[in-house]
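One chain, subunit A, appears in both complexes that follow, with subunit B as partner in the first and subunit C in the second.
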Partner chain A sequence: MTWDWSAVGDFMPRFWDGVLVTLQALVLGSLIAFALGLVWALAQRSTLRVVRWPVTAVTEFIRNTPLLVQLFFLYFVLPEWNITFSALTTGIVGLGLHYSTYTAEVYRAGIDGVPEGQWEACTALSLPRTRVWGAVILPQAIRRVVPALGNYVIAMLKDSPMIATIGALELLGQARQFSAVTFQPTEPITVIGVAFILIAYPASLLMRALERRLVR
Partner chain B sequence: MTDLTAGLWELLLQGLWVTVQLTVYSAALGAFVAFVVGVARTNRLWIVRFVSGLYMEIFRGTSALVLMFWMFFVLPVAFGWQLVPLWAAVLALGLSYGAYGSEIVRGAIAAVAPAQHEAGIALSFSPWQRLTKITLPQAWPEMIPPANNLLIELLKGTALVSVLGVGDITFGASLVRNALGDSAPVYTIILVMYFVLAFLLTRGMRALERQAKAGIGQTPEKGAGVRGKLSIRRQDAISRSSAGGGA
Partner chain C sequence: MSAETPNTPGTTTNEAGNPAVDGSELIKFDNVTKRFGSNVVLDNLCFDVASGKHVTLIGPSGSGKTTILRLLMTLVKPDEGTIKVAGDYLTHEDRGGKLVPASERYSREVRKNIGMVFQQFNLFPNMKVLRNITEAPVHVLGLQKDEAEQRARELLELVGLTEHIDKYPSQLSGGQQQRVAIARALAMRPQVLLLDEVTSALDPELVAGVLDVLRDIAHTTDITMLCVTHEMNFARDISDDVLMFDAGRVIESGAPEKIFSDPEHERTREFLSAVL
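Here is the complex of A and B:
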């Protein structure tokens, strides 16, 4: 076992660049996943079959097929249809789309968890639909599901190295490039592996604490 | 889709076989790890609980893809152990998904009524007898629905090995893509292949669940009509197993 601290030192500038890109992908991907997931969840509750069924089918399909293949699909097939994004943008869209199918289920569970009396009260007060959702149902539903959404952000963090396979220079991408130049794979890959644990573990503790506070 | 020749189909089918092998072997290793670690987390000695908890946090905390890179590139250089690619992949997948599975095992054991455990002590069963004759038979049916979700995550996780040159479906697809110069058909085909595999896994696990629940005198809840049949995962299991997810 050889461990070269100077290689760790040399890797550090790239490491911080990688952290920045990983966090960027994570934040933007989460925003897409949160927004799109809510759209899927509401569409799955639609009274129209033509809306409900296709959305259910598409989200089931996306959720049960590998993110890696979906990334390849987006990265290689979209240019054939004359839609070109950078690797990072493709990665962010892929992560967001994949995880939106998970957050849709989280929102669905949260909406189902709102007591029946709340719906009846809305009907009794003859609130318009937008007020029913915006002021009564969603605030209660989302409060309960914040920890579950947070857990999916952590899961997304751990899936984010996949976007290195289409060429985005996040943590794993930087580590691969560094080891390709210096022929020292040990240090950079170990460093980023530890970095993931150091980010994910406190984050999961935070989610557990939030769960105790928010979900009653 | 017409220009996919027989030879190219053969590449995909060979990949399919490798993916099935990977899934089966990693699931077996993962189940073994999950039971050992999950049971160790309920041990009386704090040191056993601490070590198994540490294992779980480390393997759940890091990214499976990074772990795989580590096993492929760091292990040979740093320790001089060169594993056959397929087995390195099985080891990485089994160890990390086993860590997720240990939480399922621990949770199911914790859900068995404490009176069962106490009755075992009152009848002077040994700890091993209590575990194998009282706790696990009752915890086992509870584990199956979340294990099904995890198994699908594992199936999706096997796609990662293509990055390291193991010839699974995704690897076969990249070869076909290079041969055809056309990406849409082949990636559509393999996405459908993965979906069908996930569907078959779910059917199998539902059958297993029915059998396991019958063993302790319960019937599983019915799926909700067509949607219940179509939907691969048990809906309530998703919100509950927030610990899962993430390849």
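Here is the complex of A and C:
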């Protein structure tokens, strides 16, 4: 096996396209996971059983089935009902939806971790529900779960190559396409492997820094 | 009840335990029973507190004193009986002559008349001192921000913490936090202030500062106070009435001079000799 630097050079244009798609999937997927997870977490604390019960069922279902199956379902089965999205959009929604069921648990733990006295103080001041959640409980809850949320972003980064299987050309997709044409898998696959480290490792350092700052 | 009740710190009452208000029943417990599991914490309790009075609840721990404050703050609900505050039912609603459990919205309205200071302060750690105090006046009473901030500044002066206005609670000592909590409760201008063992979590050298502030408030305002405390000297200083609790019942009540110097009940004597 020989290492061919010119193949690396040839791969670069595709590589940058792939980086862009991977980062897009990661950023948008994370935003969906953060927002939707919060919705799930709040819905699971609803006093209404008709809200709590279906949400619990759906999130348990999503958390306990493979991401790959969900991606295939979204991309190949939904079109049967005339619901069609591009591969990238499907990939982003799939990643975001899947990880939202994990972030929901993270938020839940954060909310449970806010001391009972904070709720009591809200009651004593007659604060309306929107302020109780928006100004008192969630700011404290989210602060203490930022590191845990960050870990899921990194996990999502590492799961993002799965969207290549439905044809979204992120890093792995680009590398495979390149090697299919050139019959040189070594260079592109190695390059994207290094690229994942270069994204993930600083990200985890950032998380640790955030953790030191936020969790006291 | 208007949110702008005239309990401004600064309105004076005489100090002989004879407040310059109408003296009507502000709080009324009527046959209130509260159980936790099989443990009867309050047993058919009846008592009332006249407007402007300072009432101290004493008794051994587990005798139900704190539960009374928590019932008034609707942090726990009575199993039987009713509680009225300023003539309105607290945990029930009168719907066409029938008493039904109160809606959250109704309770919140009645509750606006009541402020509470907790043993553990319970300040909001994510807000600076100023916003801890203005949060409720702005979002519950609908005060303008600058009006609420003005009120907060006056209260911080009252509790002697003006220079800490821009700090977070975690940057303050326990005694300072508790004084902020007192200012926060007063900012709502409640008719009733509930004080739940407010010095019990403090280091001994910080207790006096908090009690001084409360003495000041007791002597210079006509706010009604219900106080659970183990600080008997403080209780003697500020109270119009002392209620001695044991096993969920009031076993003795009266003026502090009487209760502390010449208690009638054997249990009261035992309790006082243990704590004094």
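Throughout what follows, the second predicted complex is superposed on the first by the 216 of 216 C-alpha atoms of A that agree within 3 Å, B and C clash if a C-alpha of one lies under 4 Å from a C-alpha of the other, contacts with A are read in each partner's own complex, and residues count from 1 in each chain.
Methods note: a contact is a pair of C-beta atoms (placed from the backbone, for glycine too) under 8 Å apart; a residue touches a chain by one contact, two chains touch by 3 or more.
In this text, all values refer to a predicted model and were calculated from it rather than measured experimentally.
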{"item": "Which of subunit B and subunit C A:139 touches, first, second, both or neither", "value": "second"}
{"item": "First, second, both or neither for A:103, with subunit B first and subunit C second", "value": "neither"}
{"item": "Chain touching more of subunit A, residue-wise (subunit B, subunit C)", "value": "B"}
{"item": "Touched partner set for A:127, first subunit B, second subunit C, both or neither", "value": "second"}
{"item": "Which of subunit B and subunit C A:90 touches, first, second, both or neither", "value": "neither"}
{"item": "Doubly contacted subunit A residues - partners subunit C and subunit B", "value": "none"}
{"item": "Interface residues, subunit B side, partner subunit A - complex", "value": "57-58, 60-67, 69-70, 73-74, 77-79, 152, 155-160, 162-163, 170, 173-174, 177, 182-184, 187-188, 190-191, 194-195, 198-199, 227, 230-233, 235-236, 238-239, 242-243, 245-247"}
{"item": "Subunit A-facing residues of subunit C, complex", "value": "73-75, 108, 111-112, 114-116, 118, 120-127, 135-136, 139-140, 170, 184-185, 188"}
{"item": "Complex interface listing, subunit A residues touching subunit C", "value": "115, 117-118, 120-121, 123-128, 131, 135-136, 139-140, 143, 216"}
{"item": "Footprint of subunit B on subunit A - complex, ascending", "value": "1-3, 56-57, 60-61, 63-70, 72-73, 76-77, 80, 102, 105-106, 108-110, 145, 147-148, 151-152, 154-162, 164-165, 171-172, 175-176, 179, 185-186, 189-190, 192-194, 196-197, 200-201, 204"}
